[in-house]
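The structure appears below as structure tokens.
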Amino acid sequence: MSQIALTIALPFLAAFLLPVIGRVYEALARVLGPLVLLYCLWLVLQLWGTGDGHPVALAMGGFRPPMGITLYVDRLALLFTLLVSLMTLLLWPWQRAADSRECALTLLLAGSASGLALSGDLFNIYVFYELVSVASFGLVAVHRSGAAFVATLRYLVISGFGTVLALTGIALVYSQTGTLNLAQLAQLAPDLLAGPVGLAGFLFMLLGFGVKGELFPVNTWVPEVYATAPARASALLAGLVSKLSLLVVLRLLVLLYQQEQALQLLLLLGVLGVISGELAAWRARDLKRMLAFSSIGQLGAMFIAFSIPGNAGLLAGLALALHHLLVKPALFLLAAGWPGAVERLRGLARGGPLAAGLFVLLALSLIGVPPLPGFWAKMLLVVGLAGQESGYLLALAVVLGAAVLEASYLFRVVAQLYHRDEEAARPRPYLLDLGSAALAGAVLLSAVPFISPLGDWLAGTAAQAGDREGYIITVFPAAGRPLYSAAGGGKPALAAAGPLPEPKP
Amino acid sequence: MTALDNLLLLALLTVLLLLAGRRLSSLGWYLTILFGAQFAGLLMMGALGYGAPPVPSSLHIGVMGQVMQWRFDALSWLFALITVGAGLTSSWYLAGDWGRHYRQRGGNLWLLQLALAVNVFSMLLLLASGDLLSLFIGWELVSWSAFLLMALNGADAMRAALRYITYAMAGAMAMMAGLGLVLHTAGSLQYADLAAAVPTLSSPQLWGLILLFGMGFGVKMGLLPLHLWQARAYSETPGPGASFLGAVSTRMGLWGLILVLVQLVGLVPIADLAIPYTFLDARELLMWVAALTIILPTYTALRQNDARMLLAWHGIGQGGYMLLGVLMGDAMGSAGGLMHAFNYATYQAPLFMAVYAVRYRTGTSDLNRLGGLVTRMPLSFLVMLVGIIGLAGLPPMNGFVSKWLIYRGLINDGQPLLFIAAVVGTFGTILSVYKLIHNTFLGQLRLEHVEVREAPWSMTVPMLLLSAVVFVTGYLPGLVLDWVAAAQQAVGLPVLVHTLGGVESPLGSLDMIWVSSLMFAGFGIGALLFYAGGNRSKAVHQLDNYAGGHFLSADVRYQYSDHFYAGLMRHIGPLYRNSFQWLEGALGTTVETLGAAMRAFYRQHHPAIYLLAVTTAGLIWVIL
Amino acid sequence: MRNLASLLFAGGLAFLLMAIAALLPFGHPPVLAGGAILEQAADQVGAANIVTAVVLGYRGLDTLGEITILFAAAAGLGLVLGRRRAGAPRDPDAGPVLRTGAALMFPLLVLVGFHIILHGHLTPGGGFQGGVILAAAFFLPLLARPGTPVDHPGLSLVEGTAGAVFIVTGLVALLTGGEFLQPLLGTGTLGTLFSAGTLPILYLALGLKVGAELAGLLARLADAETDT
Amino acid sequence: MSIGTLALELLLMPLVAFVVGLAMVLMLRRIGARIQRRVGPPLLQPLYDVVKLYGKQTQISHGIVHDIGIVMAVGGYIAAETLLPVPGMDGIAAKGGLITLVYVLMVPMLGLALGVGQCANPNGSIGISRALTAMLAYDIPFVIVVFGISWHYGTTDLTRIIALQQAAGPAGWGAAEMPLLAIAGLIALHASLGKQPFEIYVAPAEIATGPMVEMGGKYLGGLFVMQCFQLYTASVLYTTLFLGGGENWILFLLKIFAVVAIPMTLAYLFPRYRTEDLVRLLWKWPVLIGLVGLALVMR
Amino acid sequence: MMPAGLPFLFYAGAIGLLVIGISGIVLSRNLFRIILALALAEAGANLLLVLAGWHWGGSAPILGQGKALETMVDPVPQALVLTAIVIGVGIQALALALAVRAYRAYGTLDMRRLRNRMNRDIAAAAGIPAESSRDAPAGGRPTPPVPAAHRSGGGRA
């Protein structure tokens, strides 16, 4: 199981060596990235097969948990590592494979995303998160147009702001607890992090780590970046990276902040995200920004889901996230070959029937039309929300209203695509993007008959991810016993957090 | 394999055949035959008579901790009969010349046929649903396949369909919230569990249930504030599609309302929900909604100048009768409501077909551009005549019987205002259907229509067939009332005691056999009187008119069609305020404005200030 | 108006942060992980400078991430700035004082840089600090003679290999049955140069990489500055 | 009841209606003449008129629908008469009832509309549009009355309504128990006859714009017969609903003639209403009175 | 023994830096200043992180100099800050590069102008007619004559 670290290390190694190899064997450099990702994919699949489904904690560098960095491998983390390899492979920038820097950045994104999925250490999460940021800055600016630079800059400033906030939050948490290990933090949280300090830390970390997750209000970069970035980069960001940000928030919530105020905060921001995103999307006049705004709305729904206490919310959020992860990239890829403005999509279905059909399929699933998977995800959310108190009911109304708006604007696009009265526009040829999108569509369709087992499996995953005790016991296997910090030489850590030796002036 | 499995498989097979057989030359006839087979299958299932247990499907799917299952009871069967019948006649209608013509004008006939088959399949699936989850899935399938049918016909149709889909989504989402509510309160989505949980519901929960499901199904039905999409969407659907949708699609909403409000929740708990500060309870509120749904769309129809729009608006209005009848909850009223659903389908479909036959021959359905076609298209005229008599609810057609039951129910129930509303709706219907038939078939034949011929047999036969059904079930309403009674029994309503000719009751009986027979006897005597004197008249040209003080000459054709009810309109014209249009527009504008505001938020040249504000506000909240 | 609101918010933020800070156990830090590390670092890692032990040992993965970020920044910078146009004008060389000074300082800076890198596990300092000095050493001539072409391929070779060495060292540990990034070669004698196992090697790789990376960044930015 | 007697009744009832209707037409003409200080027509004039009209040669132009319209107009009334119980003869009244009767009475209207519509004369169509508008106007107060009656007697069966009234004696007549509804019903029924002052749609004085514009010969004869039936039907219906029906033929005839004659005498005094005025009038007073009456009934 | 206000002062320094940086980000319109303000705010956050491990009378965590383990400060925040600083450097370098390119593309560092130009470019790329702005002539009216002094995109860069 410790080989899972390879999914971080190997892409990094490949990225480092890519410029060097590129000078010697150009052909090798072109395929190195995909090969490495393929290997990672194979590795994860193999680990999946050999693992018994129980979570495993890995001590990086061989140092025991509270001191060293822990990687926590449960089903969810493994799933995300798998998805990282898979998605980066699918969204590999083939057209621009000649540019070793872009390939290197994509590899770095893959490695750091895996790290983000696996990490069990607060600061380590921060580091990988920043790495994802920096790699994505480069990737979204590759078109080298003025608009792309400005959009990336706006993204960078927001992201930098978020970095500062996250760092402040981590500083607060560390000042309060003296540890960064999530499991240990989980043990200490009920005592130390329930107060204003802890909550302030949560607020800062949420805003900081929410930037990639398109959390309101740290999402103002989204529309311009997706409008100017290459489709594959947009797809990666909207599809994959945003979900990793969600994963971080999920871990924080489950392990550190299972309290009402934190959940309410998340609920509020999620609702605002849904409202603002969907309304803005309704007004959007070009397809890419429409997709970007709708992505904000959908991620808002996931934050709402996570704000539901208990495993029902986790399950709903995960289902929504996985569905979005499949659908949104495909939509961005489809949009890549089309002209931007919605009015100019007129009659495209005749030139590219497959693309138009795929768009309809994906849109239907996104809206939540049964029996497509999107429906079941939305259903889980509705079921989760309906069982809650008044604020959640409001959120339910918002989510459902948003679906109406979604249907309205997505099908405005469909109406343009199938417009028959004038001469048809033709899409650019873009077989590769279309193929990837078609693959997503096929996966979506083939998931329909297996919804029931998929749902059960996902419920198990969510239950595992939501199992705080399990996390602690996995990292500190002294089953059920209070944690012994090495510092105290057998003294309980909880006590160590109490009165300390009188400081000497 | 139960009978239901066979039926659903057959419907699925129809869809698959269409998918596969795009290149088949006479696909339309195959489709018709397959619909015929479905119809036959349905009739064989007809053992679902009074008191028979539901026919289950052997298909069960467990998902998300819920078991989805399918079954047919007598109510489903009745609606399925309407569905498949409408599908059968519609596909027959398009199988021959109409389809060829449609394809020549650039329409995608295959897609239309596919859409029909998909619609029928999804409706059967919906009607067969055995729990709320399969109900919702079926419902969404029906909604979206209807969208497919509506969106086929070019840009206007697409615009109307988009409007539809926005409404339909709103309804579906309301229903989804309803599902959440049910799952939360009853713990399961099974019908039985919901029915069992109803007595334990608090009154806000019950209100929520009624309003959410009412809105969900009401959208499809075109219940009042949610009706705006319907007329335009239906009238833009290609011919047979329009007759199919007009006949049955809207009725799925009625079926859903019957299922949830009557069968599962029950009318008694609904009637116990008083609205504070009024005399009304929830049931009466719904009844008033139904009554308004009768009146306003009917009188909107009166103003339409396109035959398709006129019929489509009537479709909305007639739905109000059905709901009104069912909500009465007594034997007569509910039987009337259920029977009206059947009757309505039998005359609305041929009416649309007749209009499309006229369109097929003349190229227009604008009521100001037609006239005098009775001499050219007598069969279509006959069909329309039978249809409008049915639609107006006059004897001897079947529409009268169901309306009579509804009126009777309202009198028994002691609802004078609702009764008046219902009758006022009928008068509006009479006025507007006369305008329809007058402007289309009566009056002066336009110069450009002199060469028009009767529609081809492939179109007239299904029309005539349906007209015959209208007449026969009007003459022998007991045939339909048998099915209706079984459906009443299936949903737990009091069962109407009926005879072959109608109803026998001390409250007032109706025997259509006698009434119709005597009417025809009367006509016979009238004809005898009329023709007995021998024919001492000579035929002159139609335009050889008596002119009075006005100048009327044969070379200037002059058909009185526009602003047909000028005197009435001078009186009620100011009442047409388009309030609902305004409401819809206002809602749209609000969303636009909010959307613009949100765009502005995302277009900030420097968004960090919001971040700062949120951070500070969040900290305040955290500390306090 | 906007500025006023911003200032008000900022003031509020400062006040609230102070309020939060007042709740922190200042001066009595709950050293949970840190305490454990202080006690066991000498045995487990063998580096006298415990911060180095943390940077390269306990939190090696962070450090890997960190140099990768620098690498990513450099790659992103390269992508953004693009290649320099051939024949773009360059600034003229600086005066003789600066040129001579740069030539004098260069070996000194390199020496100091390597010293700081190699003694990172013993005394304050380390790969980052030394790497920055190395970068300064290479940047100085560039300031003096802007016309000198920068050897970007060479820099990227150093970058790549140094990064690869760091990872491969970690992978060797993984392949020999340990965990990723586990220190090898024993701890040695505390306080001597050849102690703390692979730590000095890692620090050397780190220093070279940081140096090359920063030098490359600066050179590229300097290039961009003149290329108008 | 044997089939034979029933068949006889069904034959006799329209016949009686026709004869009485003719007499009513005569009476109306006489009243009109008296008010206008004329002598008025002789006794058999209406019959002469019918025979004359049927015997005339006419131009026939407008196809079979034109004919069918007249047939439907006359035939509908013939059928309606069998639904109206008269002393000694119930016909099929028990199988139809009040609501059915009201709707059967719309069939002649529809037939007339079809026949006139087909004649391709726009003036005729204008007349029909006015006639249908008028129908909408007078039928709204009338259905209020219908509801009140049905609610009060708990049935729509006319024979039972008559039986209930006769059992209670004159004090139990509908007019005594529901005076407001009786007034409203009288106005509505009167308006339905298309006589002064509601004759705008018939427009007898300026025949150029009205349903009759293309009617001559036996078409007009048919309409004349229809008018006889119409007068008879309205008066009998009103008598049945409010005046206890006919205890015997003498009283019955007295009542129905009174129902036509008294309001007609008053109505001759009023000028003619335009269509929209007619609508306004009928939607205001009779509806108001009817609703108040209804409220009293349902109290 | 500890002056009561002293920790307050420490924190005031860190938080002050942080808030000054954030205010700078919010208030400036010039891109370069925003990037500098970002660096400042990061410094504040780093200082806050370092303060987390500090205690009275602490010494540097370097063994072999005869200091007791108990007096040594927590080494972890120091390592963290080292990492955070390097991360900040990387981000700033990238930001500067982007700013250079943006300036070269649009000739300004003013955030508002940059935003406007970017939106116009995005709209043009998508094929949407430029959305109405204060700068564009309304409707089809001819543009009023603009004095030469104002025409050349003037104002501050």
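A few notes on this one:
By letter and in written order, the chains are A, B, C, D and E; residue numbering begins at 1 in each of them.
FYI, a residue touches a chain if its C-beta (ideal position, glycine included) is under 8 Å from a C-beta of that chain, and two chains touch if they have at least 3 such contacts.
Nothing here was measured: the structure is a model prediction, and the numbers come from that model.
Where touching is counted per the definition, the chains common to subunit C and subunit D are B. Taking each chain's centre as the mean of its CA atoms, D is the chain most distant from subunit E. Chain centre most remote from that of subunit C: D (centre = mean of CA atoms).
A straight line joining the Cα centres of subunit A and subunit D is 79 Å long. The centroid of the Cα atoms in subunit B and the matching centroid in subunit C are 74 Å apart.
For the pair subunit C and subunit E, the distance between C-alpha centroids works out to 21 Å. Rounded to whole angstrom units, the spacing between the C-alpha centres of subunit A and subunit E is 25. Shown for subunit E are the residues in touch with two or more other chains, namely 2, 18, 22, 25-26, 51-53, 55-56, 74, 76-77, 80, 83, 87, 90-91, 94, 98, 101, 114-115, 119. Residues of subunit D in contact with two or more other chains: none. Multi-chain contact residues of subunit C, defined as those touching 2 or more other chains: 6, 9-10, 13, 16-17, 19-20, 24, 26-29, 31, 33-35, 37-39, 58-59, 62, 65-66, 69, 72-73, 76-77, 80. Which chains touch which is summed up as A-B, A-C, A-E, B-C, B-D, B-E, C-E. By the touch criterion given at the top, residues 123, 127, 130, 133-134, 137-138, 141, 144-147, 149-154, 156-157, 159-161, 163-164, 167-168, 170-172, 174-175, 178, 180, 224, 227-228, 285-289, 339-341, 343-344, 501, 503-505 of subunit A touch subunit E in their complex. Residue ranges of subunit C in contact with subunit B, taken from their complex: 2, 5-6, 9-10, 12-13, 16-17, 19-20.
The residues of subunit B lying in touch with subunit D in their complex are 372, 374-375, 381, 385, 389, 392-395, 400, 404, 407-408, 411, 414, 416, 419-420, 423-424, 427-428, 430-431, 434, 437-438, 442-445, 501-502, 506-511, 514-515, 518-527, 529-530, 533, 535-550, 552, 558-561, 564-568, 570-571.
Of all residues in subunit C, only 3, 6-7, 9-11, 13-14, 17-18, 21-22, 24, 26-29, 31, 33-35, 37-39, 41-42, 48-51, 53-55, 58-59, 62-63, 65-67, 69-70, 72-74, 76-77, 80-81, 122-124, 128, 190-191, 210, 214, 217, 220-221, 224-225, 228 touch subunit E in the complex they form.
For subunit A in complex with subunit C, the residues that touch the partner chain are 2-3, 5-6, 8-9, 12-13, 15-20, 23, 58-64, 66-69, 99, 101-102, 104-105, 108, 111-112, 115, 119, 123-124, 127-128, 130-131, 134-135, 137-138, 141-142, 144, 149, 152, 168, 172, 175-181, 184, 195-197, 200, 485-489, 493, 496-497, 500, 503.
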